[in-house]
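Here it is: the structure, laid out below.
The letters A, B and C name the chains in turn, as written, and every chain counts its residues from 1.
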């Protein structure tokens, strides 16, 4: 039974680890400026934990193979060195891993969440609701109109609760259902929710941030590649959660300018 | 083999029983554990209150001098009832059952007076328009926090009065011992102590300043 | 020898008469322990069936499940699950599993039965309170399951019930009105039951130990139950008021967890001023200790059984194990923010929360290494409980390691709310704790029911389950890494459709593993009546539960007051009769 256990455990361990190692399923290619730091950190964590996984499971398997009770009256033996060895190993190895990861990780986290958006970032306002995202560009005047929750109406398409009659900056605001941005241009999103919690997740951008009802949260990033990507909701928001998505379209600057002009003209 | 010459492998002296390892009888320990847990519950509600209050720009401060005076009287009544509780426990320890029951009754009376004053205060505020979900002065959360916190405390006082009543009757009939009186005292002092947090945090911090 | 000051054991209540008093409203901790065990069994069976339905739907979203329409005509018209009904089942699955299985069987079930016996007591410190805890928990269970039978079904807000989704009522979605209120009440009731239970466990451990049962001589399990009880006493005291406030938001019109300016179906909501993050803080301040409440009893049970399986005490003994468990318990109150890295909390606090989260892996690693090192030089007896104990080590290590990723805010940006998380917590909390329960069941069944469980069925159960859980939950890590979002009732995005074949594989694995659980259930009930009669000490173990008949008499020790002379795991001892010395054996050790 011990040998059988050892074989099963070894097979499970090697198969599990090699599927990771062979990248059969993996993160999609990163298209953000901050992403490579995160991917690198992921790789380092995977190396560390993968090493721990292999050592722990394989030594367990080996001991199971070796130390079955054969009824031969063999004495039980202590682990050489006793608990000191295991404690020191855990404290040193895990401790070093923690130190390394924290230092690398803090920088990566800081670049996303602590550093403010660059001053030249393009500002887009984002609102989530059950079960859609809406994006608002300031329009030619560069200013957003004020939001009036009591004016919000999906029925007449006033998703943001704008009041163009009385509010001049609101008149030229552009509201669309997908996020179109220029490549290599810092973007600042201010995200807020109309009803319940949602989340803004773009895998390729390595960005995930909850929409928290009642507060406006800034998110900034720079996309480095053009293309069309999915924005999905990752915070349980109700029955349509599984189907709450929008598209992120990253365009070359000139195409983006054209697009924006076309929208403003409408 | 006699018990006393047994030592552990490691040479530690054996514990031979006879004395409880922790000289706290189970019931009293149980009450202490209840108090630990319950103070965390109160603490959690107080933290919620602080969190919401700090996040609200329009937290009202509606308590007039009359409310504060009323609160001070309530505080005095509750403190006095702790003193009578001490007397009840003391009397019980010395076997003076009748005296202990008298002091317990005085304590219960203190609790009842506290409740009456408190409910009168509530009714006054309700009359002025304070509700669980709204009030004429500012953030609607004020009423929610006020009624939840003081209501939770009032429930504790009311339960305490009933509990003391049961202990008093049982003690007079010889069903309960002086230990039970002492344990009910722990509860009562705890409820008293909680008020010492609720009163300043809810009333004094919301006193009208002018 | 029986001195009068022996108060620790005096705690007599005469044996009751009649079915009602012996089996239903019994004060006997052994009966109550079994009641808790069977309550959990009912919950785990429901939870497991729900997970099959969910898994089937995730793999074949358009296919009908015959008969399901009878459970809910609205939720599954023609047997095809609607998206909202998937979420209802998800909520019920998670809530049942976390509260009524993991928090109930390992602690309240086994703990009730064996803690008093292992410390040489006749019963718990407060038998009446004990009975009350069980019946309170039972009412909570019935309240929760009743949501299946109300018209709009169980709530769709998940086991975490994030506000404001959980606070706004039916306007926010089906099941969020009455269903959500019942859910909150159920959890509130559960808190009360758990608090009473925790109080009782602590008082019992401190006050009712028999002569010679010093702290150092308490079995690993007793320590685990004790530490878990302390965690419960503190953590549930926070969830309880959180539940009360959430109910008030529903029925009292308050806005504790609801900010102003929210619009649902073009209606401005009449709420203002509250904070949605406040709910998350309160929930996770409870929630993280809760995952240790779920797993620490399993750690204790595994250690207890591993010692007997390996014929030697744990490397480092009680001292290291208990030190690590205490460290984990303490740290568990400082890490709740790691569930909220991307929730809009101040990003600086994310960094602060990640530090204790990473540090907590150190005591967990020490425990794991000590288990593995205990297997070194052992004389392993591969009986079914031993297999499950060793399996526990493997899945605990696997599940724990994925925690390293999630503990880092920067990696959590990508991994949060993906199946990577689902794989992680199922492995380390779900599967590991369930393995602890299986190990405990096979190990203690002879004591509880006086008969042995069938070993052949047990071994088949183990092998299918062990391989099965890796086939179910490892692929979840892979698809999570590929960006598969969780809590989705179907995968309709272009991005996710290619991952559906993996979901089919997982579902098939779940069904095969599920079939093995049916075998376990059969074995359990069959052995209760047909199993081989059990001796007093079938596993050659040393702790006090093995010094009394199987099943034990009403007062556990038959009027005897046990006296303990030895450490709990004197196994593999040279020169002893067998290779072990019972804790209460007066014989002196040869080389002492």
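Convention: contacts are C-beta pairs under 8 Å (C-beta built on N, C-alpha and C of every residue); 3 or more make two chains touch, one makes a residue touch a chain.
Just so you know, these numbers come straight off a predicted model, no measurement behind them.
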Count the touching C-beta pairs: is B-C or A-C ahead?
A-C
Which chain lies the greatest distance away from chain B when centres are computed from Cα atoms alone?
A
Averaging over Cα atoms per chain, report the distance between chain A and chain B in Å.
47
Chain B-chain C separation of Cα centroids, rounded to whole Å:
33
On a C-alpha centroid basis, what's the spacing between chain A and chain C, in Å?
30
Enumerate the residues of chain C that touch no fewer than two other chains.
274-275
What residues of chain C sit close enough to touch chain A in their complex?
82-84, 87, 156-158, 162, 164-165, 168, 172-174, 258-264, 266, 268, 274-277, 310-312, 315-317, 320, 342-344, 347-348, 350-351, 354-355, 358-359, 361-362, 365-366, 368-370, 372-382, 387, 390, 393-394, 397-398, 401-402, 404-405, 408-411, 413-414, 416-418, 463, 466-467, 470, 474, 478-479, 481-483, 485-495, 499, 502, 571-572, 574
In the complex of these two chains, what residues of chain A are touching chain C?
1-2, 5, 8-9, 12, 16, 19-20, 24-28, 37-38, 41-42, 45-46, 48-49, 52-53, 56-57, 59-60, 63-64, 67-70, 74-79, 82-83, 85-87, 89-91, 93-95, 97-98, 101-102, 105-106, 108-109, 112-114, 129-130, 149-150, 152-155, 161, 193-197, 199, 201, 203, 206-215, 217, 230, 232, 234-243, 245
Can you check the complex and tell me which residues of chain C touch chain B?
3, 5-8, 125-126, 129, 195, 198-200, 202-204, 206-216, 233-234, 236-238, 240-242, 244-245, 248, 252-256, 271-275, 278, 281-282, 285, 563, 565-567, 570, 586, 588-589, 592
In their complex, what parts of chain B are in touch with chain C?
1, 3, 6-9, 12, 14-22, 24-26, 29-30, 33-34, 36-38, 40-41, 44-45, 48, 51-52, 55-56, 131-133, 139-141, 143-144, 148
